[in-house]
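Next come the structures, one after another.
In the two complexes that follow, subunit A is the common piece, with subunit B as its partner first and subunit C second.
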Partner chain A sequence: MPTPSDLLLLADGRLPAGGHAHSGGLEQAVELGDVRDVPTLRDFLRGLLRSSGQTSIAASAAAARAWLSQDDAALLELDAEESARMPSAQLRGASRAQGRQLMRAAEAIWPSPAPLRLLPALPHGPHLSLAQGVTAARLDLEPVDAARLAAYGVVSGPATAAVRLLGLDPFAVHGVVATVMGDAEPVIAAAAEHASSPAWLLPGGAAPLLEIGAELHRTREIRMFAS
Partner chain B sequence: MNGGVRIRTEADAETGRTRIVELSATAPLGVKVTGPEEVHIIGTAAAPLDGDVVTIDLEVGDGTQLTIGTVAATMAWPARGDVSPSVMIVRAKVGEGASLRWLPEQLVPVRGCRHVLRSEVQLAATASVVWREEVILGRSRNDEGPGELDAELRVVRAGVPLLHQQLHLDGSGGAAHTAASLLGTARALGSLLVAGPGAPEHFAQANEPGLRGAVLELEAGGRLASATAASAVDLRKWLEARRAGMAPPAAQPGDEEPPATPSDQQELLSR
Partner chain C sequence: MHLIDGVPHHELPDPHEPHGHASRPLRIGIGGPVGSGKTALVGSLCRALSGELGLAVVTNDIYTTEDADHLRQIGVLEQRRIVAVETGCCPHTAIRDDISANLDAVERLEEELGDVQLSLIESGGDNLTAIFSRGLVDLQIFVLDTAGGDDVPRKGGPGVRDADLLVINKIDLAEYVGADTAMMERDAKARRGDKPVALTSIATGEAPPQVVAWVRERVHEWAHQHGLAHSH
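Let's turn to the complex of A and B:
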């Protein structure tokens, strides 16, 4: 039986899994003047839900399903398909770093007698969405929970970064998080519904400015976030 | 209208040179051979229109080369009613040691259109590809926005996905694609994929008024130059500069040109 509070623990930004070091591309968007205030932040987050975020949410649900079915081949395929949808090496690196850290944190917090089968095959760590899906599944959570966990990360990560970077009103920003999470519900439901679909059908549109921005961010000298 | 183009190349058994062994076109598309290894696709009717399904099938045989261009931008015109979208399917198969350059003109999803573009590229382990895609976000006249577009490019090498890009424009004229994470205020976006043996290292970034771009390194091999721009011209200029830097020096038919004439040589010497 799953412990309902496990999902809250996993989604908490204070989970020591390194999420606080990443802004989900927001720092660069702020630097470029693209995100300036609460409305542009809201659009930025909605854009993520139509692009890379949608991929992550679907991949997380599918990874949970694959883990429950003990289908390692499907997990590796999901990982490769997510990479094919993430042309920026910077974004892939950030995703894999966070995935690795989440697996490590989860292993320490919820020691499992079963070794994490996924890790040996992926020396640079799994994508964050895969780590989220596998971790949720290990804790007996459902694919829909894994999708919601990924969605919350996609939305809340850049939002909390925006509070720090732009000094936005935290109440207004959390209002945006609540609104955009409402927008995410159909994406989460679709991810859960299609969790068993072949990996190559993973959805998610390109986010050109996010990808280009991630590369511009790499070469910046002064920055608060790793990505 | 359901039509399309089919092109297939094979290596000549004796010389090893590329031979175009199959070349067919049905309306609304036509073809014109513009070089020993080069074909241009021509729109012969106002297409694609709603309900049209147009298929382009390319098969580049082992050890051969093929370059495809189009003579004009592809305009996806407004739908005439509540009917199915216009669909263009591009399927390319590139054999061992073979090379395909897909360099069409821009796609313009005109406000009110419903257009679907599906491109699927299958590369053999030692195949090379240069694949350019540019989308102009609506006609510049009246600053009208783009129509509805659902575009997908999937490139697979020997079973491993290299690149899977999707672009969705909802055509509403609303803010769906203008988010700072997606396209912002850009009027054009484009990408140039270069993959295959011998592609030189090339990195570039641009962050200027009217153009943002970066060369992205794909995990499974190959590079993607990606850019958003204020105009189709700026976009093309940047992507072409990347092509010059990224693409492997191809064994162009021009390499076998007869030696320069004396007057040419003189000109070279006098420089």
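Let's turn to the complex of A and C:
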């Protein structure tokens, strides 16, 4: 039986899994002037949900399903399919770094029921959404929970970064997070519904500007966030 | 069977190691306020110790990779022994509340290099309340400087009070900024009990001998405690 609080622990921004150092593309969007205030932050978050976020939310649900069905081949396929939907090497690196760190945190926090090693076939770590799905499923959570966890990460990560970078009113920003998470419900439901689909059917929510932005971000002289 | 493990679950021992994991090198954290001389200290320690010890350095910059770049440029250590971790506006989070990126970096570096006996982790410059988690480092050095105000040791805080070694740096500047170093030392000792305090100047890039000696002793102690090979 899952402990209902486990999902809260996993979603908490204070979980020591490295998320605080990543802005999910927000820092670059701020540098370009695309995100300046609360309304533009809301637009940015909605855009994420409809593009790259869709892929990671679906991948998290599918990874949870694959873990629950003990289908390791599907996990590796999902990882490859997610890479294929992330042209920026910087984004792939950031995703794997966070995946690796989440696996480490989960292993240390919940040493039982089943020990969780990094996928030996993925020495650089699994993608973050894969790690989220697997971690959730290992705690007996459902694919829909894994999808919600990924969605919350997609939305709350950049929102926190916006508070730090722009000094936005934290109440207003949390209001936006609540609203956008409401918008995310259909995406979460669809991800759970299609969690058993073959990996190659993973939605390809393209966001070319995010991909290009991630590459440019890396070349900036001054940078607060790792991505 | 789950590939994620490589072996079936029930056959695996609990992989959760205690933090004082026996066979790894000693890890020392170097923290303290912005500009107090942390990078200067790391650089000087590398210069003094790289001939006798396998070293690894992880820097935590607030932005950019300036500290890592600086250490690479001054050439005190091979490039591959230095990595930078980015901390997303929050240097204290990365050494205290969420140490995962630093652990990831230091473990990978130690594994890649294979010969490390001492890992130094420099925190991004922060405030007086920032301390390293015991999950990340075994010992920590807190670096203050005379130019940051001679009342700082009296103000105390976890770094001043609990660090294994407190360094009061830039004593060469004390006379220009009107800092009373004797008072700083007295106040620091009052806060710290028996724990050591070192007054230093790293203006010339030369490592302060008492700090080098302290680090050297700690490395030997660690090697003895954990049965690691080392020289005397």
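Basically, the second predicted complex is superposed on the first by the 221 of 227 C-alpha atoms of A that agree within 3 Å, B and C clash if a C-alpha of one lies under 4 Å from a C-alpha of the other, contacts with A are read in each partner's own complex, and residues count from 1 in each chain.
We take it that a residue touches a chain if its C-beta (ideal position, glycine included) is under 8 Å from a C-beta of that chain, and two chains touch if they have at least 3 such contacts.
For clarity, every value in this text was computed on a predicted model and none was experimentally measured.
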| item | value |
| --- | --- |
| Touching partner for A:Ala105 - first (subunit B), second (subunit C), both, neither | second |
| Partner chain(s) touched by A:His174 [first = subunit B, second = subunit C, both, neither] | neither |
| Touched partner set for A:Ala161, first subunit B, second subunit C, both or neither | second |
| Contacts of A:Phe225 with subunit B and subunit C, given as first, second, both or neither | second |
| First, second, both or neither for A:Ala84, with subunit B first and subunit C second | first |
| Subunit B versus subunit C as contact partner of A:Ala206, first or second or both or neither | first |
| Where subunit A meets both subunit C and subunit B, residue numbers | none |
| Residue ranges of subunit B in contact with subunit A within the complex | 154, 160-168, 175-184, 186, 189, 191, 205, 207, 212-220, 224, 226-228 |
| Footprint of subunit C on subunit A - complex, ascending | 14-23, 67, 70, 72-73, 75-76, 97, 100-101, 104-105, 107-108, 111-112, 114-121, 134, 161, 164-165, 221-226 |
| Subunit B-touching residues of subunit A, taken from the complex the two chains share | 25, 29, 32, 34-35, 40, 43-48, 50-52, 80-81, 83-89, 92, 200, 202-213, 215-216, 219 |
| Partner subunit A, residues of subunit C touching it in the complex | 1-6, 9, 12, 14-16, 62-64, 85-90, 93-94, 97-101, 103-104 |
